[in-house]
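Next, two complexes with subunit A in common: one pairs it with subunit B, the other with subunit C.
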Partner chain A sequence: MNAPAITLTLHDSRRVYRPGEKLSGQYFIETVDGAETQAAEVSVLWHTEGKGDEDIAVHFFDRVSHDERPGLDFRQPRVFSTVLPNSPLSYEGVLVKIRWCVRLRVFLSRGKQLVEERAFQLGEVPPARAVLP
Partner chain B sequence: MARPIRFYGKKRGDRRTGSNQLGRLWLGLFSGACLLAGIVPLVYILIEFAIPEWRVHHRFIHTTARVVSTEIVEWQDDKFSPEILLEYHLATRPDGDLLTARSDYEIVAVHSRSQQHWERPYVEEILAQFPVGSEHDSWYDPRHPDTIVLMQAYTWSAWLMLLLPVAFITIGGGGLIFVVLTWGKSTERLSAGSQRPSGLDLFQTPSRGGPAAQFPFVPDPDELGDSPGTLLAHRLPPAKAEWRLFAAVAFCLFWNSLVAFFLTSAIQDIRDGDPDWWMIAFVTPCLIIGLGSIAYVGRLLLIAGGVGPTIVEVSDYPLTLGGEYELALTQTGRLHIESLDVRLVCEEMATFHQGTNSRATVRRVYEQLLISRQNFEIHHGLPFEARARLPVPAAAMHSFQATHNRVEWKIVVRGAVQRWPDFERGFPLVVCPASGSGVPT
Partner chain C sequence: MSGAEPRPAPESGEPRAALPRSNPFSTRFIQPGAIPYFFPPGVDAAQLVLRLEQGGGWGEIIGPHGSGKSTLLAELFPRLSERGKRPLLFTLHNGERSLARHRAELAYADAKSLIVVDGYEQLWPWNRALLRRFCRRRGAGLIVTAHAPMGLPRLYSCAVDRQTAAAVLERLLPIRSSIGQADLERALATHGQNLREALFELYDLYELRQPSQGA
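Our next item is the complex of A and B:
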């Protein structure tokens, strides 16, 4: 079985966004057999990386599935857009790193899933350096 | 390129990846096992103890029984049980034929005779309360009138034992409900459905329109709490250091009580001329830890009692990145200060799991000296006061609070006092992003 080809693009090719700005994009999924894709979830989210356990929060979420909309064609581009929040800003800390991204999760038949991400930066906080107390 | 979901865990840098689905399957199995481990003993305790005892109290019928004969029955291992032959009328047929039945002490229907074994002197003591011919309050089972008890008693240990299976059922049931509710749902879908600003109490509603609503995942300044100042507009609350003192005192008392118990036993053995060297080897390091905890508590008490309150006030609150404010410090007490520094600091805090332990680590990423004074006296009733500019850097991270990760700003006052332990006091601040941009100028 061929893996579906997932296309996820942001309309604005910038990597840095300001709080309150609109972020929009689109995605489509090409498969040999169009019925193979069961559902797709697109999220605009931040998550932490670094020393601590991961925190995650979703700012925007949209799910489409064959269960809710029979006859849905995932090969047709689906557009999403959201206004970005004021915080938390992207951050490259010593212990704590905050990453923003658009994540597309595709649910295939037999429980398989595929994930595609587009990272972007919210704000321009410079990287932090450790100082001795 | 799209990546498939991994069904096994992998450590990638500091981040662990893995399959949520597989994790939930394991959680489901574990929860099911917990539930089963709770239900089986619960049913056993209910059938064997709780329901029969409840029936004795609420369904058995009162009558007066006469003791016909008593007997001590011997079981294995020199254990004995009392048997009392009783004669009584049924309450429903007071003029009917007398009924004769055996009763163990307490509740014959609940505990089988094989469960009530005692030393012979104790059994004799019991039977002495029921001489032949004496009459006693008794209770019989209306379903089986030949089942009679001489006392209505509860086996409290059995009722307390109910807590254990109930705990297992709560954990197992809660886990299974979680698995059912989250099965097949992605991390993003769950997060989107249950999102709340981190650090917010479950029953607390976020303040509308305030900084907390405007800046998600920035701590709510109202939660930290501030009050009007006397020198400047806002007085900052101190970090909750009293909890450290309370925890230290509680640990010190608990630990040293245990140490005292074992130490007394070890000393007694030495006095008896039969020292237990294993016990001494065990007690010695415990004693050192106990003495250390006493010294630590003493130091905290000296700082808390000897150095007067420190008051920090700011001209505006919450602060904003790139903003410029005023800060006022008031230090009370009767001290000779060798040095006193006030700093604006920013620290990152990360909580992580290592095995079954939860650990936290802190890194300071910004520090700016605001006030520095050396060698001066503070007199009673005449507190030391100092003012300074409080510039918040624009090119820095704002306050951030999630479940496991935090970025915390605070004012730190550190003092070295002559002939006294050094002290350090923190005053948490909330620093918001510069409104609307988030990009430093």
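Our next item is the complex of A and C:
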């Protein structure tokens, strides 16, 4: 089976967004046989990264599937958009970081999944840096 | 395109380089399930599943702290599911002495269930006996992890050697990086071959070696 080609783009190709701004993009999935893709979920989310337990919260979520919409063609671009919240702002700490991204999860036949992400920054909080004791 | 598991982004390349890089030793990249278990030559997950079935679905995984016991469990789960088993994982923390708070989940255990207790030695001996009796009555399988033998059929003994540690590092750092094999070996020596703690030490080292913004 050839792996599907996933195209996920943000419309204005920006790296930094301000709170309250609109973020929009689109995706499409190219497969040899279009029926191979069962469903796709696009999320706009933040998660923490660091040495401890990690947190995640989904700000925007949209799922489309063959079950709900028979005949759905994933090769056709599907647009999504959301207004970004005021917080949490992206943060580049030492012990913990806050990361925003658009995540596309594609569900294929036989339980396989593929994930594609586009990271972006919400706000412009200066990064922290580790220093030697 | 990436697979379903998170992996650190390459340290170079466009267009993502404009955003901060992930620390490759973050929990999300090193937790069980995020990296595969690296078996020594001649051993693989399929063999262990077969060994478990030959042991009547009961077995123990033994090894010191940070030797990969939980990572091995995560490696086995999908294969056990393919064999029709339903793993029920209970991870014990901070000296949890009983499974009382998991009673609701245990209530549905049946012959297809495989009860997995990560940190089994933390249970009181009486509660271990109760659990074994419960599994026998339900016909359920039982896999436990512990730091010392617990009297179940030995499924596997985990240990961290130089080759395994190098494979993990290579997986986390697919291209040139500020962290190298010598750093890992120093960290392992500091933490008595506890790979988990060694990787967390490398997390700090990675942060220290990051160039300042604008440098």
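Convention: the second predicted complex is superposed on the first by the 128 of 133 C-alpha atoms of A that agree within 3 Å, B and C clash if a C-alpha of one lies under 4 Å from a C-alpha of the other, contacts with A are read in each partner's own complex, and residues count from 1 in each chain.
Please note the rule applied: a residue touches a chain if its C-beta (ideal position, glycine included) is under 8 Å from a C-beta of that chain, and two chains touch if they have at least 3 such contacts.
As the structure is a prediction and not an experimental result, all values here were calculated from the model.
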**Report entry** Fit or clash - subunit C, subunit B, common subunit A
**Finding:** clash
Query raised in the report: In the superposed arrangement, does subunit B or subunit C reach more residues of subunit A?
Result: B
Query raised in the report: Counting only touches as set out at the top, which of subunit B and subunit C does A:Leu122 meet: first, second, both, neither?
Result: first
Query raised in the report: So, A:Glu41: does it touch subunit B (first), subunit C (second), both, or neither?
Result: first
Query raised in the report: Who does A:Pro19 touch here: subunit B (first), subunit C (second), both, or neither?
Result: first
Report task. Using the touch definition from the top, say if A:Leu89 reaches subunit B (first), subunit C (second), both or neither. Result -> first
Requested in this report: Examine A:Val79 and indicate which partner it touches, taking first as subunit B and second as subunit C; both and neither are also allowed.
Outcome: neither
Report task. Give one of first, second, both or neither to describe whether A:Arg63 is in contact with subunit B, with subunit C, with both, or with none. Result -> first
Query raised in the report: Can A:Glu54 be said to touch subunit B (first), subunit C (second), both, or neither?
Result: both
Query raised in the report: Which one of 42-50, 168-176 or 366-374 is the stretch of subunit B that crashes into subunit C?
Result: 168-176
Report task. Would you mind listing the overlap between the subunit B footprint and the subunit C footprint on subunit A? Result -> 3, 5-6, 49-54, 94, 105, 112-116, 126, 129-130, 132
Report task. Under the touch definition given earlier, write down the residues of subunit B that touch subunit A in their complex. Result -> 1-5, 13-16, 21, 186-189, 191-192, 195, 198, 214-218, 345, 348-353, 361-367, 395-398, 400, 402-407, 432-433, 435-440
Requested in this report: Could you please specify the touching residues of subunit A with respect to subunit C in the complex?
Outcome: 3, 5-6, 15, 47, 49-54, 92, 94, 97, 99, 105, 112-117, 119-121, 126-127, 129-130, 132
Report task. Within their complex, state which residues of subunit C touch subunit A. Result -> 1-4, 6, 16, 18-20, 22-23, 25-28, 200, 203-204, 207-208, 210, 212-213
Query raised in the report: In their complex, what parts of subunit A are in touch with subunit B?
Result: 3-6, 18-20, 41, 43, 45, 48-58, 61, 63, 85-89, 91, 93-96, 98, 103, 105-106, 111-116, 122-126, 128-133
